[in-house]
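Read from first to last, the chains carry the letters A, B and C; within each, the first residue is number 1.
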Amino acid sequence: MEIKNIKSTNIPAFFDQMIKSGKVVIAPVLKKSGKVFFEAVQSYDQVSTDYIQTGFSAKSVVFPKVEELFSFKKDDEGIEITNNLHTIPETVVWGLRPCDASAFNYLTEFFLKENPDTYFTARKEKTTLIAISCAKADNACFCTSVELNPGSTSGSDILLTAMGESVYIELITEKGKAAVETAASLFTPGEEKSKEEFLAKVTSVFSMDEVKVRIKTAYDSAEWKHASMGCFGCGACAFACPTCTCFDIQDEGTQDSGKRLRCWDACGFGLFTKHTSGHNPRTNQTERRRQRLMHKFKYSVENLGIVSCVGCGRCIRNCPAHLNIFENILSVTK
Amino acid sequence: MEPKNQYIPYKMRIANIIEEAPLVQTYRLEFVDEKDAAQFSFKAGQFAEYGVFGEGESTFCIASSPTREGYLECTFRSSGRVTKALANCELNDIIGLRGPFGNTFPIEEWYGKNIVFITGGIGLPPLRCLIWNLLDQREKFGDITIYYGARTVNDLVYKEELEEWKNRSDVNLFLTVDPGGETPDWKGLVGFVPTILEQNPPKSENSVAIIAGPPILIKMGMPILGKNGFENNNIYTTLENRMKCGVGKCGHCTVGKTYVCKDGPVFTYDEVLNMPPEY
Amino acid sequence: MTSLQNKVTELFENGTINLLIGFKEAIHKLPVPCFIDNVSQVEQLIFTPSCKGNLSVYLHKTEVKQAKKVGILANTATLRAIVQLVSENQLGDIEKTVITLNTNGELVVFATMDELEAYVQANFPELSEEDKKLLDQLNAMSRTERWQYWTEQFSACVKCYACRAVCPMCYCSSCTVEGNQPQWIKVSSETTGNLEWHTMRAMHLGGRCINCGECGRICPVGIPVHMLTVKMNQDIEAEFGAKTGFSVKNGYALNSFKPGDKEQFIK
């Protein structure tokens, strides 16, 4: 892998050069609420450097909370259908954590492997991921349990690791190499070395190998009820999750002109599976939470060979009841 | 060639409207664009997303047989926002159609076998496609038996076709209505479909059964067939969970790891038994 | 065992309750709700000032209603919610045993609703300093500024409906926001539709909200959504003298009429 170094004092120059080159740069920004969220910025001054994890993941760059599938207009000739795929700009996501970046591997596999998704493809092609290793973690972080770590390169185009005065840069993909070319003079060639001492320590809470085996027979575990009774049935976990992909399709406008949208949805909502007849295949919250967790740890492994939880801890931090996914996985696979 | 954008619908013209039963209609649809018509093909068992622009999409099977070319038919009950908007459409209106989606009935594997259909209410439309598909190549199959019932006489769909099947010597039709749903001149059976099935069991030898309808009919009917000697892999059903995308992405129709829309909607009883009961 | 655990054990053993809704410490050290249905699980129970959640929302769950004899750990907000829910005839089928900690940190178990109501009235909470400050700021704004403030806040809403899910007063089995015939409020998350949703919810809660602040506290994007109803409650109290979660006999100020009301139109 190609390694480069950059002085930490030169990071703002690199960052602003990407903006000058015409890219939309999405970065962590501290909001009035005290929480940090990804949003498009105009300069490095706006970027937060002190955060363990952003409130929501970076998935919205490739899977926005609302995506216009097409707009339509009726006239005497019939109906005209158009979409805006051609307007998607070159985008850089700056400062996502390695767990989030690795989620893009899953998203890509999910959206493209079978029945490839036009909108995801278009956005993914234009997106460069510049991740930053984690120097800090909290009690909700559990990346090491799902076989990642605070310095994983999986999914990123570039991974930055702060090492004192200097930043160690791993150029993982061609896209990553192209991104540093925008400000080539700021970088010096480097050599591969251990990042260990600069990374947060995240203790592993379970063995993924054991969980993968035990979850096969976990469907009927009585523990699902204990794990789920506190679940309010909101979408806070799913919307914040870097790998949750469920969506709704909704039309807005009139029958003469309007648009068809795809909007984030969540399997935890009671209406998610409800038939028009009133019949509901998943009648209670225990069944719904089981579906969400089994999808992450069992179904996505069976369907795509990937555990679709990256241990970012957002579902734990965002849950109004503070339900803990890894505690639940531990209890149902006991 | 770029893969097709699965969310852009074909434009379809409503070429005929048949009132089947209270709130139930059949639309015959023709492609507005001949190029779409030329490249479109489907097989029995598949479904589509039918959309009214500005209102949304609704999921139903394709109710006409692939052996009848040049058009598609769908039969739906007006109950939600989209189906109500669809019901308000008029002849020659343009609606959207995406599909065909999902897997198909393995008709070729059934050559030479007896075929049993069990269905209720508007569970008949998904099987009507298959029934006509088989009847249009009648010589390739053994006995064909149909158990069909509805809440009331008025709720039976495809009344003319039921009459035609009743009069055909190569079709056995058990036509029933729920107790209390009969009219004074009703000449068919009275009783719930599972009851009629238990009282008049089909022979299981060299037979395949296909069951479709509300989840309760599927959940009750499959074990009855099992008791009558049908092997689980000779019992087929078509599941109808809530769906949005039709292509295995939106997550609404999942039953465990299974996406009804792309892994189904056609499943054998064996496959159903291996799923969580979330349908 | 703590005095709480002893008390709960006693309540199970003498048949007063067969389900207790309480808190335990999760693996990541934060309190999470727990549902205890036998004595062997009592040891996990905790009840500390960090137990901020309003557990009364779980009283609407089918599984809880089926248990019939239900104990619940209640902070002050939970007590108010229970009073308000009783006044709205929502807890009829449940035999409730409500347990709280008084200001001295002592366990109090209410034998009757009258006792609970008297306790709430004697210990009626004030708005938190933080909320008072924000309310003052909002009141000081011009209409235009306030509109801008809320527009900006709600543009970040993702419609996860966590605010509704944690609200003990949002107990409708089917919510207006999900009705689609007609589609009153857009399903997609965008500023106008988000504003419509939160305005609609606030209008349904004005004079019913018990100021627990949960909706604002748990909002994943940090919108102080509770301030809408806090403000409405303040206005309703000023106009009609009605406090929410104060009396089990309290009618709903906005649909009850008193001869002394200022409005003349009904006379």
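What we mean here is this: a residue touches a chain if its C-beta (ideal position, glycine included) is under 8 Å from a C-beta of that chain, and two chains touch if they have at least 3 such contacts.
Since this is a predicted model, take the numbers as computed values, not measurements.
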Checklist entry - What graph shape do the protein chains here make by touch: line, ring, star, complete or other? => result complete
Checklist entry - So which has more C-beta pairs touching, A-C or B-C? => result A-C
Next on the checklist: Nearest whole angstrom, what separates the Cα centre of chain A from the Cα centre of chain B?
Outcome noted: 39
Next on the checklist: I'd like the Å distance between the centres of chain B and chain C, where a centre is the mean of that chain's Cα atoms.
Outcome noted: 47
Next on the checklist: Between chain A and chain C, what distance separates the C-alpha centroids? Give it in angstrom.
Outcome noted: 32
Item to check | Overlap residues in chain B, where contacts from two or more other chains coincide | outcome: 80
Next on the checklist: Residues touching two or more other chains, restricted to chain A: which are they?
Outcome noted: 248, 250, 252
Next on the checklist: Can you list every residue of chain C that touches 2 or more other chains, as numbers and ranges?
Outcome noted: none
Next on the checklist: For a test of understanding, state which residues of chain A touch chain B in their complex under the given definition.
Outcome noted: 69-70, 72, 74, 78-79, 81, 83, 110-111, 114-119, 219, 245-258, 260, 262, 265, 267, 272-277, 279, 281-282, 287, 291, 294-295, 298-299, 302-303
Checklist entry - Which part of chain C faces chain A closely enough to touch in the complex? => result 26-35, 53, 57-58, 61-63, 156, 158-162, 164-166, 178, 186-190, 214, 218, 220-224
Checklist entry - Across the complex, what residues on chain A touch chain C? => result 31-35, 37, 55-56, 65-66, 139-140, 205, 226, 229-230, 232-236, 238-240, 248, 250, 252, 261, 263-264, 266, 269, 271, 284-285, 316, 318, 320-324, 326-327, 330
Checklist entry - Which of the residues in chain B come into contact with chain C in the complex? => result 80-81, 84
Item to check | Residues of chain C that touch chain B when the two form their complex | outcome: 180-181, 183
